[in-house]
Each structure stands twice: as structure tokens, then as C-alpha cells.
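Each chain gets a letter, A, B, C, D and E, in the order it is written, and its residues are counted from 1.
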């Protein structure tokens, strides 16, 4: 039995005017376990707190009940007070007799009766309280950034700048991501490479940043402050430390017809290649699917021309294990596949391209050297039709239900650039809505219309039909003119919806980070914690969380970095002691709790148990990581055997409150 | 496995070739098509209104009578109507209940029968590889444009035949009989259909567009599975010289069973 | 003013700490009146509420039990209220199946900003339950006739 | 606006016009566009507004080829063709409103003996109750 | 069938695939069947039975049996295979330590059912197609199967085995049973009628725990009802909570996990139709969250540890008249 002290606050007249505080303390004094009960004008005042402290010392109280304002107001204050005289702060409960009693009731008798009931419930709960200790866990002073696009680069640089070690894992041979493929950026029209490549170089030169290119995360264990991550460095058959990036091998390799993914297959590369001139690291990679030497041992030309002796046909995948305090996901996006939108004849005509392909066709480093030419015959297009929302805002099951957000702006950019460079080219943009919220965004779009004479037509394209003469018939609706249009075009550009990179879902499973139905990572709170995953220690940067443009991505990347830095500077993490715990003797190992845990705080271990007959038995039981658990209690209800319980809100505590309230 | 065969009205009259060559070819490939007893006209079009019951009952009966096997259709229209009806029987509980109430089957029918178009039998049962092996007179050098029209593919949710915008089943068929498929963008656009009875000029315009598109892509001939398409393309697209055939006729020719 | 001998129902309200409990506090701050028959039990999340708690309340003489949580999609713990929603739907349906008046149980989503909604909900719930009278059935379910 | 008619059309078609985001792809894809007074996207919107009588009086509803292109390509799964069919049925189910009459058939056959049965039964089903 | 099963069991014992066999044996009376573990060919010959009385679901016993050394052979009727999978989903036993043989089942009867037909002195039972012949010391009486099958078998949900290493006999299909008819009938009653029904049923309960002990979903290491910390387990008569709520809580605990094998009602000495509680949950789950059959596949996510953002609100209960 606890020795409980009850302290009833008047809150001036806030409580005392409607609740007979004397009657409350007198009645509660008679409750079992209560050894002291009093009331006072302001319990939260210094003298009020001293009253509590003195009583604890004088009566040797083991539990305290404060009848006062909402615990959301002063629970922390009172906990601190009792802790200062050596009572465990979790041996205190607050009965809310102000917000939930005196302020809402007018009848003094009723309010007093209710205050007594609420006090009783708190006493019943304290009877079952147990001292809880906030745990501590150390923080590894190193961060991992998964994905080396602009989001990952910005996050990594910001973390490094604060003095912490940071690793970037990038699955491609170079960092840079989608931004490296883009020609110009809206709304300023500066060259993407000019603003991105200096940052890439900074990554390679900053001592604190380590790049694992051509690498993938294969497993993640641990929890906030203390993750252990396995990274697979795929064999690139070139020794990174020897290769000088001279590029000699990439001009001598006899395998010339490998589709160049950096240019989205619009031209070819060799079997040994450096994706683009400013690649970081600037190291060659051999594509094992095409290299003759690797496939059948015949060739070896690259090794012969490499003066640095960097070619290593025997290189193997290598797995590195590293520990991190925080992980940032920056896995980015891809345009969706268009096989369900063949009414636009993307696969039938080479001159129907995606917007990202158009970026390459307009880029000075692209397959056409920056001159816009039709991929089919290399002629200059005179009429170009842009189709917006190809697969975006699509609930038919073919596309994505969301707005891809960036298409309206990049299409305005494309239209504008084309009209500026080739004034003889007519540009039509078919749109459903033009969405341009953002600084200088709508002005930009209007410039395309007003200054550059781009034809914006409200309506959708219904059918694209290539003709034998190379023209492409575009059948579309002009909703404002109420006509069906038939445009003879030379090129059609599809604003394909964007979707999270395919690597994101398996990664989310490894991280136990939650995702929405579209495979975007979920944020801890959509408004207030937008760069954190609900899983502690996992942060989100860039499009992996939702469609966004470069400026937004960069600001989110820096925000994620700030959150990471905030975590890494902490010496030790104090953990909330009101977490779930598993009674292993009762646990069946059925995995119900694991399924409902939003934080991945529950793992299973094989444990040996002594049986009544003195034999031992190996059983699978749940184990809660208190550093990860946030204390929601979902597992306690999912657990069929009642093995899971929650500190501070245990089954028996809540039952005791129920009983006290329902007492006849 | 019993392959119940639903020929449909037109295959008994104006489109006898589609039917005759279809049966002969299947026989040659080792599959016997057993014509359903007591089949009745499917009506040519699926009435989309949810409260239309009576117009769908002939299809429901044909489906229920085929419960012990597969129901094979050949005419695009029958295929469309029967598959849509079957989809409704399986997915629209209210419709299924009403249709069953009318039909008084011993055991209620709820869309259990598998409906296959003749081409699906070739693709999924025979296999185009095996078909290619069975071909005796490959149609070498022929450039053939496949015309799907609308009834074979749409609505894809119910028909589940092929990618509705980029189908390949007829192209694969053309390859299997030794010819070369010609891709052209209007292969899945409408020929004008029954508008031929309402306003022939519409049918002419639509069919002409299809023929133009196929011709300029270099087709020697067009094949179809639909009597109405064949009619519109040949009769209502004046000035076009490319011949239009039922695909079964070329199949019979390739298999060497055309008389 | 309540009548002297009017029947007073016993109502237990489970409120999640982050939304509904704060909403109840807000109702208080705004002095929005609702009957004193409602007694709130604070839980971290609606998903902490075990159906056993609800049955226990009824068995101990509660006449109505209401569970309040964050609006779906706004759960502090992301998904807790989704689980609560399924559990309560099935539990309430079962109670109805057993012949317990279904109006005695309710789930409402009340955000921290919805003080007025909290008070209105409680007023409505109390009057609904009061109209049903005392709950005896769950207590009685196993008693011999 | 006639709410009863609207409800009837919605019930018969099973279509929810509120799903429409007014992209106009149905009209962009419709092969009968030029023959129509009201185009597919307008029809969806007019149903939403309850202007069923206007549609019932329009020849547009006999121009739909039931080719399902709009159904297939609609990004919001609205299925405009089903609305057209429901409106047409609302007309032809009325007394004496058959758009194609049995007595017209011999003329059609006489005009073109090659006309396949399929064309006749389909037209009959579409235009006649 | 029994002969084939014994022969195969002997083979598997002989070649060392398994060292024990989990099957059925006859108790004091022929209709008094109990699960049993056989270790030798002789035991099998002597005691192993499989007949129309063998309704017991053996899968639950695997939880304990697989803790022992060696592999055990178990015979599973179609409905037992669902429990088998559900237990695997919940990691309750080691699949590697079990050799499962699926056996056909045309429905089972019980001693009680046979006796209710006025028979006594029962000495044996035979099946032949649609007929079941009961032998007594007085006469042989042949019934049409439907007449004397247990309710759960008359509304059998599946003749298909969803788990096995090998099958004896043909596999069947998932059936379109009418197992929810009785639930629907109760739903259609007024609340007062329902209350009267359940009150009369549940008040018969003597808390013998037979339902819990036989239930394949009730394999908890320690049952909540035996756990003082759960707050519901005060055994003393002073607290009627557990007494009143036992069946509701138990039904909720197995909701989404219950495969509807019907063992609870089979063993209830008071003949309380307990399966109607479980079936209510199953029916609701199917209707509200989409069809879900516990145990149909290993690793499936039970509906109560799952959700969608679009789930119905609990208020649907107020609007679903007659549901």
C-alpha cells in the first residue's frame, strides 16, 4: 500500500468558487492509502510546491495526487518538485478539476462531487504507479544520407558544415541525381549544372563527407542514436583509388552500343563509362551486362589502355558495416512508365518524348549538343505539343492520384526556352489547370504566355497518331473554345507523373519507416514535423516525402540537416519512460504487436525459459526497444495474451480508474 | 476441357467465313469447338444501364450453360457483350440477383465461367509459338495491319484481353502465321460501328481514317475479328484499295485448311 | 438547472492525450458547459483503449462509454486511431449483437482545437444515454433468469 | 432542373459526375465529337447540373458509338459513355420514342444488302427499347 | 481411409521421417474420440482411428508437441489446415518439425448427435458416400449424411486443404457455405430478442474453460484470464467482471484470428452456440473490411492489426439495421 498525499488546489477562485475544496480534501483523506490531504490557494506557486515537498518529507509519502488544473499545464512542474525531494516523479498523478470540472460546471454540489470522483480515480491509479526511470542512450556522431541527388547533397553538406561525419550512399556511379540531368532551372533559368556541380565537388572535397557511390543499403539495425547499417559497394571493376578519370578507356572500349541511361537511352555509351563529365567521383565503371571481358573473357582493351592500372576484372561486391546516429532518406523520384498511356503513342513514335528526355535533348551536354532535334530524323521541329498531367491526378488505376507539382513549371520553362531559341517553332501546352504557387512562379508562367507567345490550351489530348510522313497528329479538346483540335505536330512532350524511386519501399521496410499508399515516406506530423519520419532518428529529404521542386527540396534538405545536427549534438538521449514493455513469460511471439507498432520498436528474440519440469525451452518473445517506443499503446491492445503493457498507463491502472469512476 | 463455342447471329449469315475458317483452324490445332445448344443473339451491344436486365439474359444463359468449361467467342461484338455481362454477373451483386431471379437456374450463376476470345485461345491455350510450328503455308512477305476496333479491347476492366492502348495479340498472331505486322495508330479507334445505319457519312469518315492510317504505314491488307468492322472498312470507306479479311481466313490459309 | 431527482447517467470518456484531452481542456478554458456526469480518463492514444476497459466500465455500472481521439490521419502516433477505429467498430457491433443498446457506445474524433465540438458531443451523448436509462444488460448478461 | 431525372440517370448509369476534374480528355478522344451538339465533357457537366431534359432533346445522344474510348481514357474513371446511354434510355423508354423503328429495317436492308445483322441488332438495341 | 492413413504413418515412422504420429484414438466409448500421440506401428494398429466421430482439430496440439525432439506427423482435415496456417502465422510452432498430411473430410458427427436420433449402445460408425451407418448393439441404422452432421459441418466453409506436405485422397474446393445464416437471423431480431437469446445462452455457462482449452486460437502461454496484471482476472467470486464478460472478451481476443473451426461449440458441455460470437466478428470483418479468412495463407495480416485510411467509422453500427 502506498502512502499517498492529496493536494487540492483552489487556483484562486478558479476552482474554489465552484468546487468545495475543503470537502474534497476532507473526503479524499479518508480514501485507502491516503495519509495526508490538504488544500491550498495556489499549488503551483513556490509556497504551494514547498507545501508538497514538506509533506513528502514529513509523512514519507510514496505517492502524490494533485487536484488542480490540467496535467497538460503543470504536470511537469509538479513532477520536478517531487523529484527535488527524492520522490520518483512518476509517482505523481494530477486530477484535472479545473478545465474538466470547475470551469464547466455551475452547480457547486455537482462539481464538488465530480472533483471527488476525479480525485479518487487519481488515487486509485497512484496506488498502482511504479517508479519509472527515464533511460539514456548514447548517440553515434555520424549521419548517413541515402541518395546523392540535390536533396542528399544539400543535407550532407549542411551536416558536415556543423562538424559531423556524414556518408552519402548513392546507387548510381555518380552523385548528382535528377538535377544533373536537367538543363535549366525555373524560375530563374540558370543552368542546373552550374549550380549543382560546385556542390558535388564540395562533397568530394569536404573531409567530413564520404561518398559511397554505386552502392546500396542492404540492412539497417538499431535505433535512434545507434543504427548499424550494411552498405553494399557494387563491383565497378575499376579501383576507385587508382582511376584518374582520364576517360581514355571510355573512348577505346569496343562495345559502343550500350544505351546511355544518363541521356535516357537517347544515345549510346560504351561498356566502360563515366556517366558525365562532371561526375563525382570521376571514376570509370564497367557495365557487366555489356563488357565482353566480364561476359566471356575476350577483350581486356580497357586494361591495356589504362596507364593507372585501375581496371580490375576480378573486383567483387564489398559489404561495409558502419554505425550512425541518424539516417536521412533522400531517395528521390523517377517519371512513371508510360505503358498504360499508349494513346499518346510513346512507344510507337520516337518523337513522342517525356519532359525529362526533352531536358537531355536541350542540354548542351546531351545527345544533340543542345540543339533541339527530332530523335527520329534529326530535323528541327516546328510544332511542339506539350501534354500535361500524363498519369498525374489519375484515379483510374493507370497513373497516380496526386499532382506531381513540378510539371506546370518545367513545362512553362521548356516552352519558353524553345520559343526563345527557335522563334519559328509553335508551342502548344494542353493543361487541365496551371498550378503555379511559389515565389515568382505565376509571373514566370505568364511570361511564357505573354512574352513568348506559347499557346496554352485548356483541355486534354485524347489521341496521338504518328503518320508515315513523320508528322504527328494530335487530337485534343479545347474546352474554352468548345472544339476538338487536330494539330499536325513534329514533336509531342509528355509531362509524365513522378513517383518515388523503386528502392524506397524496401528501404522503408528496413528502416521501419512508414509510407503512404503511393510509396512516399510519411512525415511524423504533416504540419509540425515535416522532415522527420515517425520512426525516431529517420529524417526525410526531398521528393521521397512528396513531390517538390528544387528550391523546396533544398530547403527541406537543410531542415532535415538541422534536425540531424540537433540530434547529433546531444550527448545522450533521454528516453520517455512511459513506454511499452513485454512480460516475456506470457508472450506468445505471435507478432501482433509488431504489426501495429508504427515505430518498429518491437523485435523478437529466441529466449530460453525454464519450465516447471526443470527442462528448458526456447521461445520466440517480443522485446521492446525503449529508446524507439513512443508509448502509444497500440501493442498493448493488439496483444492477445496481455503480455504487453504500458508504463504509466498500465492495464491495471486504467482499470482502477474505471472502477473508481464507476464506484456506486 | 470443353470449349463451348458461341458463334453469334452474323457468323451464321453475313460472316460465314469468319466462322467456317475459325472452326476448321481450331480443329486443325486439336481443339474442338462445341457449339452451344440454344444460343440466342447477344444483341450486338452491351446495354450499360444497371437496370437493364432482359437485354442481357441471352448472354447470361449462354454463360450459365458453359459452366463446365470455357466459353469461346469469335465475333468481337459477342465477345464484348458476353464478357461485359460476365463481369457484371461477378461484380454487380444486384444485377446478378435480378438476372438469376429471371433465369431460374438450378444453381445461381455468378460469373464463374471463363470467357475467352478465339485469339485468347490461340495465345493462352495453343500458344503462338506452337501455332507458328503448326503453320504449313507461312504468309511470308505479307505486311498485315491488325485492326482491333473498339469491341475487342474496351472496356479493359471487364474484357481483360490486352493492353487497350498498345495491344499485341493480333500482331503476335500475324507473326505466328509468318507475316509481318504493320503498326499504325488508328488500329484501336472506332470504325463508326452501328452508326452506319444512322449516318453513313460518319462511318465513312471513321473507316476512312483507319484505312488511311494503315495504308500509309505500308499495309498490304487488314485483318479484323469483327463483321461490322469488315463491313464498314470495305463498304463505307470508298476509295481504299487495301483488302480486309477475317483473321480466321488467313489462319486457315496458313494452316493449309482453307478449301 | 438539473432537477433534484433526475436520473443521472454515469459516463466514462476515454480521451487521447494529444487531441481530445486537449480539446476537453479547451472546452473548459472557454467555459463551455456539459454535464458533470462525464468523467474523463486520460490515455496516450485512442489505440491504448482496450475493449476490456469499456466492458469493465459497463460492468461496473457505467451507462455510457465514449472514446475520443485525434481525427483519422492526424494521430500523434500516426496510425493509432486507425486501429482504434476498427477495434471499436467491431466491439460496438458485437455489443449490439448481444442486445446492448448501441447508443451507449460512441467514438468521436475531437481535435485539440475543437473545444466546442467536445462540449456539444458530451451534451448530446449524455442526453442520448440518459434517455435510455440505467444500463443493466451487460451486468445481467450472465445472470440466471 | 429536374432532380428526379438526374437521379434516374445517375442510378441507371452508376456514374458519379462529381469525380470529373474537367480535363476534357473524353472530348479529346471522342470519335463522334464533330457530330455532337453537346460533347462528352459537357454531357458530364450538364448531368451534374441536372440539365437532363436538354440532353434528352439533343440529337447528340444518338451519335455516341459506344466505343468506350472515353471510358478507357478518363483519368478519373467517370465513364461518360454510361451517362449517354442512360440519357438515351430515358428517352426511348418513353412511349413512342424509339429512335429506330422496326418498320425502318426493311429499307435499311434494301439500301444495302451487305449490311451485317450485327449492325442492325446493335442499332436496334441502342436506339429502341 | 483409416487403413491408408495407418499404412502411410507406419511408412513415415519406419523411414525415420517422423518419430511420432498425432492422430485420434477411441476413448471409453466409440464416439468418445481423443487426440493421441502414437510412437510405434503397433500402437497405430491397435488404437489409431479415423471415422465420422473424429471431429477434433489436432493443430493446436502441435504447439506443445513441436517443442519435443524429432518430427511429428499430423493428420489434418481441411478446416484444421486453416488453424494450422494461423498458428504458423503467429509463430506458434516450428513448421520444420511437422509433417502434415491432408486428409479428406465429408463432415463429422458426434455421440450426442447420434444419441439425439434415439440410438444407444453405439458400437461403431461407417461412412459410405452420402450415407452414415451407425452400429449399435441393437441394430444398424443408416442416415443420410445431412441428417446427422454437426452444424459446423453442414455449413462447412471449405473442403480445400490450405497447408500440407502430402495429401491422401482428393483435394476439395472452398465452399459457398451458408455459415452466416444464423448470425444474420440474430441480427434481424430486435435488440430485446437478441438480449434474451444471449442471456439464456450465456447464463448456462459453468466456466469450465473447455472452449478456451480446445480453441486453436487460444494458445497463449498464459491466458489473460489467469493473469492478475490484466486487471480482469480476480478469480474471487467477489468480482463478477470476468464471469460476465468472459465470452465477449474471448471472442474479441480471437477476432480476426479465429478460423471458424467450430471446436468451441463442439466441446461446450452446455451446448452454448459460442461459434455464433466468433462468426459475428468474421461476418462484420468480411462486410466492413473485405473478405478475410484467417489461416487461408501464412503470414497474412489479421484485420485487427491492419487498417486503411478509408475504413468505416464506428458510427456505422447505428445505421446498419438488420446487420
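Rule of thumb we're sticking to: contacts are C-beta pairs under 8 Å (C-beta built on N, C-alpha and C of every residue); 3 or more make two chains touch, one makes a residue touch a chain.
This one's a predicted model, so the numbers in the text were calculated from it and none came from an experiment.
Listed here as common contacts of chain A and chain B: D. Removal of chain E in thought leaves the touching network of the remaining chains intact as one piece. With respect to chain C, maximal separation of chain centres occurs for B (centres as means of Cα atoms).
Comparing mean CA positions across the assembly, the chain most remote from chain E is D. Computed centre separation for the pair chain C/chain E is 36 angstrom, with centres defined by C-alpha atoms.
Chain A and chain D have Cα centroids lying 47 Å from one another. In this assembly, the C-alpha centroid of chain A lies 45 Å from the C-alpha centroid of chain E.
Centre-to-centre, using mean CA coordinates, chain B is 60 Å away from chain C. Each of residues 230-232, 304-306, 309 in chain E touches at least two other chains.
Across the assembly, chain D contributes residues 69, 73 that each touch 2 or more other chains. Multi-chain contact residues of chain A, defined as those touching 2 or more other chains: 343, 463, 596, 638, 651, 654-655. Screening every pair of chains for touch gives A-B, A-C, A-D, A-E, B-D, C-E. The part of chain E that touches chain C in the complex is made up of residues 183, 186-187, 191-200, 202-203, 205, 230-232, 240-241, 243-245, 248-249, 251-252, 255, 277, 280-281, 284-285, 288-289, 303-309, 311-318, 320, 323.
Residues of chain E that touch chain A in their complex: 67, 89-92, 217, 219-224, 227, 229-232, 253-254, 257, 301-302, 304-306, 309. Within the complex formed with chain E, the chain A residues making contact are 517, 583, 585-592, 595-596, 604, 617, 619-620, 638, 640-643, 645, 650-652, 654-656. Within the complex formed with chain D, the residues of chain A that make contact are 343, 389, 393-399, 432, 458-463, 475-477, 479, 482, 484.
Taken in their complex, chain C has these residues touching chain A: 1-2, 10, 12, 17, 21-22, 24-29, 31-34, 36, 39-45, 47-53, 56-57, 60-62, 76-80, 83, 87, 119.
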